[in-house]
Amino acid sequence: METMDINADLGESFGNWRLGNDEQLIPEITTANVACGFHGGDPVTMVRTVALAQEHGVAVGAHPGLPDLLGFGRRVLSVSPEDLHAYVLYQVGSLQGVLAARGMSLHHVKPHGALYAMLRTSEELSEAVLEAITAVGPEPLIYWPAPLDGQAFVGAARRAGVHVVGEIYVDLDYAEDGALVLQRTKGPTGLDRAIARLRRFLEQGTVDTVGGGSVPLEAESLCIHGDGPNAVELVRTLRGVLGDLDVAIRTAGAPAARGTVRGRTA
Amino acid sequence: METMDINADLGESFGNWRLGNDEQLIPEITTANVACGFHGGDPVTMVRTVALAQEHGVAVGAHPGLPDLLGFGRRVLSVSPEDLHAYVLYQVGSLQGVLAARGMSLHHVKPHGALYAMLRTSEELSEAVLEAITAVGPEPLIYWPAPLDGQAFVGAARRAGVHVVGEIYVDLDYAEDGALVLQRTKGPTGLDRAIARLRRFLEQGTVDTVGGGSVPLEAESLCIHGDGPNAVELVRTLRGVLGDLDVAIRTAGAPAARGTVRGRTA
Amino acid sequence: METMDINADLGESFGNWRLGNDEQLIPEITTANVACGFHGGDPVTMVRTVALAQEHGVAVGAHPGLPDLLGFGRRVLSVSPEDLHAYVLYQVGSLQGVLAARGMSLHHVKPHGALYAMLRTSEELSEAVLEAITAVGPEPLIYWPAPLDGQAFVGAARRAGVHVVGEIYVDLDYAEDGALVLQRTKGPTGLDRAIARLRRFLEQGTVDTVGGGSVPLEAESLCIHGDGPNAVELVRTLRGVLGDLDVAIRTAGAPAARGTVRGRTA
Amino acid sequence: METMDINADLGESFGNWRLGNDEQLIPEITTANVACGFHGGDPVTMVRTVALAQEHGVAVGAHPGLPDLLGFGRRVLSVSPEDLHAYVLYQVGSLQGVLAARGMSLHHVKPHGALYAMLRTSEELSEAVLEAITAVGPEPLIYWPAPLDGQAFVGAARRAGVHVVGEIYVDLDYAEDGALVLQRTKGPTGLDRAIARLRRFLEQGTVDTVGGGSVPLEAESLCIHGDGPNAVELVRTLRGVLGDLDVAIRTAGAPAARGTVRGRTA
């Protein structure tokens, strides 16, 4: 039976400020990307988020970002490889401390915001991050938007022997080259369009592009934006689609599951 | 043969700002308390400090503080037990991430500044910190100024089965009840006075007090303030005293070493 | 004709995180207390909030807090008078910079959160804040919960010749000595109870206490908590009560208005 | 008589961390650029620095930077014009608050670090900063490294009618196009070379370039790096050179002084 993982960014609140609908979203997902205090999140939020994930049997990964709380990690900052290596060790380590208190271990790492954008093209920053990730975890996974080929970070991961879990985004558009078209403001995601996109992917292994073409995706995980206005309704609907097509909803990482990933040449 | 540990606070620089003389001090000590970014230190400084410690065979512990960079963690902040539990998990975890990158593991935890002062008397904050410390490490040590009895934090540590390494301070005065008399400004430490204090402790297990009395100390470690103007000269002199009295200089923690600690009833 | 001011805390968002309903609340109030970046708010939020206030003819005051973004300025921090003096100069000055860009000037200063609590009793911190406030503005006002007598900060203000605008809170309870009973969690405010409290104050100059007594209040301003679930409905209802009793709704500060304040011996 | 201004960056300490030799440097300069808390400095440091400047009759300007304390404002951050406009209003306003407490007013604004680098080429960021600067001060000056022509920020200043005070740097090299060649690490500045550079400028209005050519500079101010190892000796030597050539040392800004600036076509 085929499987699909569903991941979402969680724990993005900061101190007194709330962000997202973690409590409502978590029963619907299999994997959480938890902010580590640099762009969002704080120690108390991390402890609460990890407890919530444990309660719902959700795997927890680190969602490290740039040290820019004011800009939510969405602004490019010209960090050096030495800076970034240390920032990732620090953030992932902090989450591992929180996980250790619940007897849990780190599932994966997913770069956030402008850091993600910088890692798409920078070889030396990618190497610095990989060096940190492979140091802190015994067998780490990386989450990254598919298509994977041609991205500096994915190349560095593969050279380091780290498995990259490709993601599909049903609430964003795809350019002709497979790049995600980022939205300025986040409106509700059209359910019909999201259903169609997921079905197309599950049946054909591709997504349609804004220009009318299609690109193949090697995706093991469906990424949900938890701060969308209808995020919970959206993920419930998509779970229904997966069920209709006999796709089991399960966190990525088990070798068996990885053997039957859509869009990958086995 | 008896042994003595020598510890110092290291890695207290922040970004572009330098503090302390880590490079000169580290060859003289056995154990480093490394700041974790809340009151001082930052990820890059932590990585460099841990590398330096490894190069010199120095054991590394976490030196967590209150989230008050502006006040260097020296101002009391009315955190809740939930806050503090999370802050300690986060800070210790972050250092463990940095240590993991060098194949090292956490040696101990030593609370910094105002956090130390708060833990002297608060039972509930002490419990919260202990819960965090016992969660992150398999067999953690705690460093704390002797005399140990009557301190809320030491009581909580003992109830949790965590060994507390008592410290002697040769550059601070002791009140009649054994409390350290904190200095407002840090001048050079008189070498003769420091030598006399250390000799008295090694020979009789006590320190003299400002009022003319003396108190017994159960100390396994000698704490050096690395930011004093003559810190390096001081520690070299004290190493000489230890050598003269046939005391081996060795990091605390090995059961054999702990069996022969001065001032403790075996 | 008698007058009443209505004030609320505004601009408490931070970066990507939203707090409060500033857009909906601002048409209903006369005076805004704007956060200055230490406990909440940030430069962009301040610029937007001041523009909104200008658009609605609302007077703007500074709402300085302790440097504790993580705790939203609600945790006591043992700052020195020198620290606090500088923090207030800095925060009020920063808001004045933002006001200058709109051709506006500072209306008042209202201490936030734990800073407010500390100023209730500390003479030396109160003096330090007053020294800052009188330095930055030509004729500053201070907002403070009534009853005013017996508060260290009010005494310091009076000695400095600064007028203190007393406030009434209809959504909090009053203890026998007039102290506000702070709520742990913020539920919706009962409209009937709020109406009754405001009417009692307007007709008799007193508020009822939790113990069944009553205390006189010298209040020129009604403080609304903008983050309450029914804040907008509440303030609209209270405006109706003021209208029924022929009380003009107008920002505090004009000498004529101050001559007819409820509860003050003229 | 001709005049020359001498400016230096001051107040770059942060909390417990010291940077620079402000006390020794300030008797030798006429104008201070004071950090405002975003890349360095903090409210207490600002208050102390402004008091020191007043004591020595030194004019005070704002030295705003990017919100990156960890990187000392030396890393490019992709801020929007709206962000930057607000950051400058906030920082300059905060310094004006501190100045108001001493009865002083703002002398000038000088962008720091990576912000300076970004303003060399970005028209829209330059416009945003100018809009802020002209809003907060009645007749602001801007300090900027000469040669001034061809810099986006200088163009925006001129369009806004703001006078730009050109600076000469005697401890940095100049490229053929007049751009400063930034050093990686700061060693002591060679006195002979600095003297020769200053003499050449005073006598011919030019500086030599690394390629063997020379470029004309329109400089009213000599910028000293206060964190150089021999900064105090350097500035004293240069004051001697100015004295030998009958150049009065005086802060920039008075129209009479500006009429006789070296290198400008009157």
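Note that the chains take the letters A, B, C and D in the order they are written out, and that residue 1 is the start of every chain.
In this text, contacts are C-beta pairs under 8 Å (C-beta built on N, C-alpha and C of every residue); 3 or more make two chains touch, one makes a residue touch a chain.
Keep in mind that what you see is a predicted model, and the values were worked out from it rather than measured.
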item: Pair with more cross-chain C-beta pairs in contact, given B-D and A-B; value: A-B
item: Relative orientation of copies subunit C and subunit D, as a Cα rotation angle in degrees, nearest 5; value: 180
item: Subunit A and subunit B: spacing of chain centres that average the CA atoms, whole Å; value: 40
item: Centre-to-centre distance between subunit D and subunit B (centres being mean Cα positions), rounded to whole Å; value: 43
item: For subunit C, residues that touch 2 or more chains besides their own; value: 42, 70-71, 83
item: Chain-level touch network, classified as line, ring, star, complete or other; value: complete
item: Complex interface listing, subunit D residues touching subunit A; value: 67-68, 70-71, 75-79, 83, 114
item: Residues on subunit C engaged by subunit D in the complex (per definition of touch); value: 37, 42-44, 46-47, 82-83, 85-87, 89-98, 100-101, 131-132, 135-136
item: Interfacial residue positions of subunit A with respect to subunit C in the complex; value: 13-19, 40, 42, 69-72, 74
